[in-house]
Structures are given as C-alpha cells and as structure tokens.
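In the two complexes below, subunit A is the common chain; its partner is subunit B in one and subunit C in the other.
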Partner chain A sequence: MAAYLIRRLALVLVVVWGTATLAFFLLFLSGDPVNLLLPLDATPEVREQFRKANGFDRPVWQQYLSYMGRAVQGDLGISLRNQTPALGLVLERMPASMVLAGAALLFAVVFGVLAGVIAAVRKGTTLEFVVLFFALLGQSLPVFWLALMLILVFGLELRWLPISGYGVGPLPGLPALANLVLPAIAVGTFSMAAITRLTRGGVLRELRSDHVRTARAKGLSERVVIYKHALRNAAIPVVTVIGLQLGNLLSGAVITETIFAWPGVGRLVLTAVTQQDFPVVQAAVIVFAVLLAVINLVVDLLYGVLDPRVRYA
Partner chain B sequence: MNKGWIGFLAGLVLVGSAWAQRPDTIVIAQGVDVTVLDPNNQLETPTANVLSNIFDTLYMRMPDGTARPWLATGVRAINPTTWEMTIRQGVKFHNGEELTAETVKWNFDRVIDPQKPLRISNSWANLASVQVINPTTLRFTTRNPFPVFVTRLTGFYILPQKYVTEGGNRYLQEPVGTGPYKFVRWVRDQQFELEANPNYWGGAPKIRRVIFRPIPEASSRVAELVSGGVDIITNLVPEAVNAVRASGAAEVRSVPSIRNIFIMLNTSGKADSPLANPKVRLALNYAVDKRTIVKNVLGGFGQPTGCSLNSYIFGYDARSCQPYEYNPARAKQLLAEAGYPNGFTMTMGSPNGRYLNDRQVAEALVGQLAQVGVRVELRVQEWSTYVGQILERRIPTDAVLLGWGNNEFDADNSLYSLFYGGTVRGGPRQVAFSYIRSVPLDNALLQAQRTTDPDQRKKLYLDALRVLRAEAPWIFLHQQEDLYGVAKRVDWKPRPDERLFVADMALK
Partner chain C sequence: MRKILRAPSATIGIGLMILFVLMAVFAPLISPHNPTQQDLQAITKPPGTEGHLLGTDRLGRDMLSRIYHGARLSLVVAVAGVLIGAAIGIPLGLLSGYLGGRVDDFLMRLGDIQLSLPFILLVIAIIAALGPSLTNTIVVLGVTSWVLYARVVRGEILSLKEREFVQAAHALGASGRRIMLKHLLPNAAGPLIVVATLELARLIVTEAALSFLGLSGVPPEIPSWGQMLADGREVLFFGGWWVATFPGVAISLLVLGINLFGDALAEVLDPRSR
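Presenting the complex of A and B:
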C-alpha cells in the first residue's frame, strides 16, 4: 500500500510537470502578450521596453528554465494585468469554485442516485419513463440555456432567488445560500443526469444477480436488499463517474460562472485567456493539474473501501 | 425536513435578496472587474471608470469634448516646448496628505522613468523634464512641440507621493486619491465599494455609497437591472433595448461615442492588388449602405461617417466628413473604370464581440459588396489573435474591421497613428495598414504635431482630411453609440468618453 502510494504520488508530479510544460509552450505560441497591454498606437520602442521589463525578450528556453526554476519554489509569476502574484489570484478564487462544485455535486448525487434507484425499482412503469426522459433532457440541455432559463424563471418572474453574484454568506468567504442555488443546479444538472442513468443501470444489474436473490431468499426486507446489497455494489462505477465529474465541475464551470457572475477560477481563466495574461493561465493550469491528479488518486483508493477485492500493489 | 429547517432556509434566501437596494447607495454593473488600483498603470475603460472616482486628473474632460482645468488651475505655453502649470491650492488626499507642485512633479517623474515603464508611459514619451518653480507652479520641458499636452492631462491621475513611496505596496491595495469618493473595499470579481468624500474640494457628492459589480454576461446584466438589483448597466446590447424599455423600472440612455468603426484596406500590398487603386476604394465606399447597417444591425444606435474623426474631435470638419452616399451604380461604374467590370475577390477579417455587433456588421458588408460584384471572404477571429496580427503587420486578409476610440479628442491621435505613411521621415506607423504614400498628407500630419497654434493645426488637419477623402484608404462606416440601461431613479446623462463619474449622478 505505501509503495503504491509513493509511486502514485511520483506520477502526480510527472503529470503536473508535463502539463505545465505543455501549457507554457502552447501559450508562448499563442502570441505576444505585450500587444494587448499597450494601446494600438504605442511606439515600437515602448513595446520593446515592456518586453524587456517582463522578460519576454529572452529566448524561449531561457524563459522556460527560469519559469520552472521559480515554479518549484511556488512562484508562478506576476499577473500582467493585475500586477499581483498569479498563484494568489487563482487560489483566492478557489473557495468559490469549490463551494459551487461541492453544491453541484451534492445536488447531482442526491437527486441522481435517488432517481436512479427509483427508475430501477419501478422498471417498466410511467415513473421510470419520466425519470429517464428528464435524465436525457439533463444531459442534452446546453448549460448556458439552462442557466438563462433559471434566471428568467426564478430570478425575474418569480423573484425567489438572486440573479447573479456571490452575496454575503453565513461565514466569511462563503456565498449566500440563496445565491448558490441557481448556479449549483445549472452546473450539476448534467452530472445528475449521468448519475441517474448509471445508478439505474447498476442497480438493475445487481437486482438480477445471485447475491441479491440470496438476500431476498434469506427474507431481508426489500429496503435492505436494495440499499445495502444492490446499491452498494452498483456504486463502484458511480464513484468513478463522480470522481471524473468533480474534475469537470471544478474546471468546467466557466460558462455558469460567467452567466451568474460567480467569482470562481473558471471566470478568471476565461478573462486571462482573452487578455493573454499568461502567468494567470499557467498558474490555473498547474493548480488544476494537481487537483485532478489528486482526485483521481482518491477515487482509486476509494475503490478499495467499496470493493474489498481490490488490492493495491 | 422539519419546519425549523424550512424557516432557516427561507431566512437565508431573504437575507440574500434584501441587500440589493438602499436609498443612499447606487449599484453599477460593468462587464469586467477592475484590474489594478494604480490609475496610471492601466488603460482599461472599466478600471478607469471606477478609479476616476477616487483619483482626480489635472484637467477634466467635459461632456462636449473640451478639457477644463481641474487639479491644475491653468496651463500656459511659454514657447513650443515649454509649458507652465499652476496647481490648485488647499487640495488634500483622503489620508490628509497635501497636494503640492512637488507631488505633481513626482507623479510625472514616475511615469517617464524608462526603467519602470507604466502602461500610460507611451503618451508621455515626449516629456523631457518637470521642474518645480514654487509650491504651486511647475515648468514642463518637452523634446518636441507638444500640442496635445493639455488634452493628455485629462488622462493623467495624481497619486499621493508619500503614501506611495513610503507605504510599500499598500497603495496597490488601498488606493488613496483626491477624488470625490474614498475607497472602502474591493473583493475581486465580486464588488468594489466606495463612499463619499465629504471634504472633496469640489463639494461633497450627492450619493453616499457606490458599489461597482462586474457581471460579464450581457443578459444577466439586463436581468439584474430589470429586477432592480443594479441601477446602471454598461454595454447594453441593441437586442435587449426592448426588454429594458418594457420593464417600467429602467430606461435606455445612449450617447454618440468617441469611437468610429471602419474597414482598413490593405493599400500597401502588391501593386497589382485592386485595392491599390483609389477608384476601387471609392467604389467600395459607394457600395456600402451605412444607414441600413446602422438601422438593422445596430438597432439605430450609430451615425454613418465619411472620415476617421467625429464631431467631438479637434480637427473634425463636417464637410470633409460627410458620409459617402450609397450609390451602387456609381460603384459599379468606378469599378469598370478601374478595370474590374466583373468585380474581384478579396478577404476581410473581423473580430467577434469586441465592438457593438462587429461580426454582424461585417456580414452585412459582405452582402452589400456582393451586390456590386465584389466577393468578400470573411474570416472572423478572436480579439487577442486578431489585434496581435494587426500589430505585427502580418495580417492575412485584404481588409480588417477595426474601431478607434480617440481618447485624446484630438485629430493627431487618429490621423497620425492610422495614416502617417512615412514619406517624409521614418516609416509608416505601426497600425497604418492602409497608408497611402502622399507627401502632402504626411507633411500636414507632421506639421500639426510641431505647432501649438490651434488655428494653424485646424487648417493642417483640413488639408489631411481632403487628401483622405479623395484617396478613401478605408471603407468609412459609422460612429458607435454607447448604450446604458439606467434605473429611472437615477439622474444621469451618459458621457462620450464612457466615464462613470458618480459625482455627476443623483438619486431621485
């Protein structure tokens, strides 16, 4: 187990280094950031001064080496636009992204698992059809459309919930609960639909299996049979998908964060990309690489908890 | 879930929505957030819009485009390269520091320091040195005559010298200025709060508290305005005009902007390119129905133009700036005379989302030019790539759609930057993609930079406009209008320079 963990952690480092390198060169190819920093009529001399001041005048390999040298010490450079450390800008927005991803995941898992179990148990009924219909809808609705419809209905027509922003939460750094609801539904709907379909399939499969027949033969109540014997075994692929979805939820909420003016990392990255603020994009890529690698590792370790047959070596 | 829980959740929901409107607070939503808190190291409208409430400039741009003394009480030209400035007395920064001539000198020295260029340094490259004559008087020496000196002062903010030099990085976290509003706090991507400065030298502002909120999505901004969550939204899209009007709570207010939209034609490419022929370029101008584009694509919010200036800009001349009439027959005839009776094929680039409905304007042009036989292949690109190519002069298309917001309100900023062709000295300007090799034009543009006499300059720009009118290096399109959604309770008129001076606003 310990050897496995060390090997996996080493692999995380390789993944992060590879991602950072790839991002560095891709960004380098995307153009000269000084172009956007200065007005269109700035003289070539002033442009050159700016390139020098930011170190863009050196050969690319030198820039790469000094970047990596500083990166291992935790210095990911200064944002060209904001003139503050890029890593700080990314980390500052991490809580908002995590709260949103967490809320969306909670929404997706609770409703997804529940709906999936209902659809499996009520196979062949209208209820199953309705659940599957909404699951299909949830996976095919574009998120920007869903988000705007949520704003229109709950924000403008009914006026139940705020339209945009983070609000002031019960604790510093946390959003107001009311502000969280609509973005979380918008972000979580796709995952909820995926979890519904997966849970339904898994539970159906387990319900036909030998151990469930045995459990029923022992005279266990249907509730215990479904939740303890069927659902737990059906949960393994669901956990994998949740792990994958968490990555998506964290990094892929760009559209939702933009529409709801949510102060998360996705919105920061989008702005940084359009402004060619390289250090910020780079810092976000590295942070996400670390995060995703760790999430994958945790998911792999969870298999062992769910399925005792899984061994780490 | 028991009843207690439901009550708790309902309570949270109410707390969340109740903070929105207060009688002494105005909430303003722009598309993007402030980036930096140093007003002399930024060039972004949304950032300047917030910071110009905290910091004062030496001169103030008036809504009609003229510049009026502000922290400076006057400027006088001693000779073409020497200026004397007097400073308002008794002005204090929010932290109590006093404004003196020494403070002003330090601010200029900071901007022209070649070791640490700031983003506005480019505008002050002509400034050689600043001397303090006495506590309220300064002398400026420039390398060359500097006719746009006064107009550039409207973009030069005054920071407190001691606070910046002795407080470490604090000035970048808690800005201190002399302006009508004081900084309260800034939570990035959430909100920027200001409060009235009761001791403002120009009199205390009427609105006590200001909140700027960045809301990137245009339709979310409209939804917030209509629901009463915010009082002013910027960059209202023409498609949302009816929704705002129908709401009853807010209205649409617009103002012709300082920005002109145009198509630069590559006149400097191969000699056998059709675009090298002035007749072809004139034909393209006659082939475009600008009125219809403004009406249908911009919802009527724009003015057709026939030159690269507009009425706010010093040097503008109504006659030379008449829009070219829409006359496809004449266009066809000119094309035939130029040797293209069956038209020709060209490529055109356009950004997407940089200017008001830019891509749609370009698409409408493609259709109109096809009517006279000019087949245009449109290439739409994301802004950062697009502008990079233009600056590096490796533009892959024969024409590019671009906008120019003349932030100096002086013809020099538009004409010299965009048309100087390098026939007299030096090379063509960096963005002069459609320069024409005309010695009279280049001479006029250079001389206008070398004289401080306004009448003389006006005459020189008239000469330049006449050359440009005959040569038609661009397809001139329109002057944009800036659209705002404004809650009915707000008393305020939009300004051509896009600034949001809250001190000019009041709540009814």
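Presenting the complex of A and C:
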C-alpha cells in the first residue's frame, strides 16, 4: 500500500511537471512570447524593454529553468491586467468553480444512479426505453446550448429561477441555492446521462450473478437485493467514472460560467483570453491539472474501500 | 454491417447522419435564401414568417439557410479533426505497443498528462497562444485528440503481440513494419472505428463551443452553429427565442445521430459490451 501510494504520488508529480512544461512552451507556440504578452500597438522600444525586463532575451532553456524554479515556489507569473500574482487570481476564483462542479456532480450522481437502477429493474418496459432515450439525449446536448434553454424556460418564461450571478448564500463564500440550480443542471446533465447508462449496465450484470440469486433464495426483499447486493457492486465502475467525469464537469463549468455570470475560473480564463492576459491562462491550466490529478488519486483509493478485492501493489 | 442495421436506434442514427451530410452537400441548392444576405426590413422575425420557415436573426438573415450552411462547417472541421487525430494517434499507438519500453512509457505518460486536463481548457489555452483562425482550430482539435486512437491501437497490439500468427510472421522473417501494418493494425480496425465515431461527435460539440465563445476564428461570413448560438444569446432576452434554439437543435440531432450509430457499432464490434 505504501509503495503504491508513493508510486501514485510520483505520477501526480510527473503530471504536474508535464503540465507546467506544456504551459511554459505554450508561450513560444506563436514564435515570440513578447507578441503574446504585449498589446499589438506596443512600440518596438517598449517591446525591447519588456523582453529584457522579463528575461525573454535569454536562451529558452534558461527561461524554462527559471520558470520552473519560480513555479515550484508557487510563483506562476504576474497577471498583465491586474498586476497581481496569477496564481492568486485563479485560486480566488477556484471555490466558485468547485461549488458548481460539486453541485453538478451531486445532481449527476443522484439522478444518474436512480435512473440507472430504474432502467435496470424495469428492463424491457417503456419506462426503460424512455430513461435510455433521455440518457442518450443528455449525452448529445451541448452544455452551452442546454444552459441557454434552461435560462429561456426557467428564467425568462416561467421566472422560477435566477439566471445570472452568484447570489448571497447561507454561509459566506457559498452561492445562493437558487442561483446554483440552473448552472448545476446544465453542467451535470452530460455526466448524469453517462452515469445512468453505466449504472443500468452494472445493475443488470449484477442481477444475473450468483450472489444475487443466493440473496433472493434467502428470501431477502427485492429492495435489499437491489440496493445492498446489486447496486453496491455496480457502484465500482460508477465511482471510477466519477473521477473521469470531474474533468468533464470542469470543462463544462469553463464554458457555462460565462453564460451564467458565475465568478469561477472558467470565466476568469475566458476574460483573460480576450484581454491577452496569458499568465492567468497558464496558471489556470496548471491549477486544473493539479486538482484533477489529486482527485483521480483519491478516486483510485476509494476504489479499495468499495471493493476489498482491489489490492494496491 | 447488416447486424448494425438491425437495431432500430442505429437506423435512426444513420438516417440522421445522412440527413446532415445531404444538408451540407446541397446547402446552396436547398436554401431558400442566401445565408449571409442581411435584410434590415426583416430583423428577428419569428418562425413561420412568410418566406422564413425558422425566422430570421437580428440582421435579418434567414435561419433555415444558415442552419443548412452551418452543417458544412461543423462536418468539415470535425471530419478533418478526426483524420488528423487518427493520422497522429494510430502510428504513435503502433510504435508504443510494438516497441514497448521507454517509447511506450513516454507516449503513454504524455497521454495521461493531456487527458488530465479539461479538454476545452487545453484547446482554449493553445488557441489563445496561437491566435484564433479556422486553420488553427482544425489543427488544434486534431492534434489534441491523438490520445484515444493511440491508446486503442496500443491496447490491441499488446493483446495480439504474443499470439501465434504474429510469432509466425516473425519466424517467416517479416519486418517490424510489415507486422505492424499487415498483421496488427487490421485487428484494431473495429475499436478504432468506434473511437473515431465518438471523437467525431465530441469535435462537433467542441467546435461549436469555440465558435460560441468567439475563439474558433471562423470568419463571420461563414455561417457556424456556434456563432449563431452566440448571436441567439444576445436576443434571447428580447423575446427572440428561436435564434438560439434552432442551431442547438441542429447540433444536438447531429450528435445524437452519431452517438446512436456509435453505440450500435460498439455493440456489434464488441459483443462484451452488451
């Protein structure tokens, strides 16, 4: 177990190092980083000055080493717009994105597992067909369009829910619940559909298995059989997919935040792109990589809790 | 193929795909209007207005004609992206699986790193660095989607490498290249087609997302569903629901069609997934 943990942590470090390297070289993709970092109308003198001041006149490998050296100390550059550390800007916005992704995940898991179990138990009925159809549809709707349609129906026509902003929540730093609903549904629908299909498949497989037959033969109620014997085993692949879905959820959040004026990292990144504030984009890429690497590690460890047969070697 | 067609959902999927391909090919013939023709006498007319079945946008352009033409951009960008991704991913997967060792380690870790980032964030970051243009969008979508092809090919090869027919080819003196291309690759064709189908759907949505965010670099004179949605968002608040609704319906139906087809394909090509 200890050896496994060390190996996995090493992998996390490799991923983080790789992403930081990628973020660094993105600057050179267009040829000259100075062009990327300064407005188009900067004069040649200003460009030269900027090049010297930021060390862009040195060989690339020296720049790389000093970039990595600073990154290790948590210095991911200065936002060109705000003149404050880029990492700070990203971290400041992170809680809002995490709350959104978390709420979307909750929505996806609760309704996905429920719908999946229903589809499996009612196999061959119209209900199963309807659930499966909606699951497939849910995987086909682009998140930004779904967001617009939710705004149109629940915000503008029915006027049930607010369509923009973070609101004031029950606790400091948390959004108002009503403000969270539409963005969370928009971001979570794709994952919900994936989880529905996966749960259905898993439960169906388990319902055919020997231990479920034994449980039924023992005279256990159908509810206990389904929820304790079948679903628990079916949950294993679902948990893995949750790790993968988090990437999807954060991707969805990046696009959706702008639509709902949600003060998260996604909106920050898009604003940074339009303002040519590249250090902020780099910092966001690195922070997301660290976050997802850690989450995937946690999911892998959770695996063992759900399935004692899993051995970490 | 006959087996695929037997599932009704697959028939619907193929039907939808063919519909959109026909739409794209014959767009200039079937469009009632020029898709870029502005008409300030007829701005944001609702669906069903004389001559505008799906209404007009805020510059008075005909929605239906723009949707027909938008299919062209979507399909061209996504298909080109899939071809580029496959052209990079398949050879890398072959090398990775066949050579093993350091090459394999390096390529697979690279894939891990890439997949550990939210795809859209990666694409946005690269496009922010390169500057938005249609060519950049296609290239970036293609290049960044190499991982799945490589993984699938590598996986197939690892499971086949020690099999008798490959050993036999070795013993007969076949070159590594010949073994890879003639004996290993054809066996990976099934799973590769499934991956390509799913990637096609994903790239259509990603291109639309980039266009929606104004980052795809598609020139304004080329109708694109994503840009239409962005326009629609502006008029959504002034009662113009149709401008944002119809392009999204088009994207969803096309992606739904591809997903239905891909599902049926996966079921036939991989009987275990039943």
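Just so it is clear, the second predicted complex is superposed on the first by the 284 of 313 C-alpha atoms of A that agree within 3 Å, B and C clash if a C-alpha of one lies under 4 Å from a C-alpha of the other, contacts with A are read in each partner's own complex, and residues count from 1 in each chain.
By definition in this document, a residue touches a chain if its C-beta (ideal position, glycine included) is under 8 Å from a C-beta of that chain, and two chains touch if they have at least 3 such contacts.
Note that the structure is a prediction, hence the values are computed from the model and not measured.
Q: Is A:Ser221 in contact with subunit B, with subunit C, with both, or with neither (first, second, both, neither)?
A: neither
Q: Check whether A:Gln62 is in contact with subunit B, with subunit C, with both or with neither, and answer first, second, both or neither.
A: A:Gln62 sits against neither subunit B nor subunit C.
Q: Looking at A:Thr258 after the superposition, I want to know if it touches subunit B, subunit C, both of them or none. Which is it: first, second, both, neither?
A: In the superposition, A:Thr258 contacts both subunit B and subunit C.
Q: Quick one: classify A:Leu156 as touching subunit B (first), subunit C (second), both or neither.
A: Both: A:Leu156 reaches subunit B and subunit C.
Q: Is A:Thr125 touching anything from subunit B or subunit C once the two structures are fitted on A? First, second, both or neither.
A: Touch status of A:Thr125: no partner.
Q: Does the superposition put A:Pro39 against subunit B (first), subunit C (second), both, or neither?
A: first
Q: Could you list which residues of subunit A make contact with subunit B in one structure and with subunit C in the other?
A: On subunit A, the overlap between the subunit B and subunit C contacts is residues 30, 36, 148, 151-152, 156, 258-259, 274, 276.
Q: Which of the residues in subunit A come into contact with subunit B in the complex?
A: 30-32, 35-46, 49-50, 53, 81-84, 89, 92-93, 148, 151-152, 155-156, 159-168, 170, 176-179, 258-261, 263, 267-268, 271, 274-276
Q: Which positions of subunit A touch subunit C when the two form their complex?
A: Touch list, subunit A to subunit C: 11, 14-15, 18-19, 22-23, 26-27, 29-30, 36, 136-137, 139-145, 148-149, 151-152, 156, 247-248, 250-251, 254-255, 258-259, 269-270, 272-274, 276, 278, 281-282, 284-285, 288-289, 292-293, 296.
Q: If you look only at subunit B, which of its residues touch subunit A in the complex?
A: Going by the criterion above, the answer is residues 9, 12-17, 19-20, 32, 35-36, 38, 41, 43, 114, 116-117, 119, 121-122, 125, 172, 187-191, 213-217, 219-220, 223-224, 226-227, 229, 382-385, 387-388, 390-392, 404, 413, 417-418, 429-431.
Q: For subunit C, which residues are in contact with subunit A within the complex?
A: Residues 109-110, 112-113, 115-122, 124-131, 201, 205, 208-209, 212-215, 229, 232-233, 236-237, 241, 244-245, 247-248, 251-253, 255-256, 259-260, 263 of subunit C touch subunit A in their complex.
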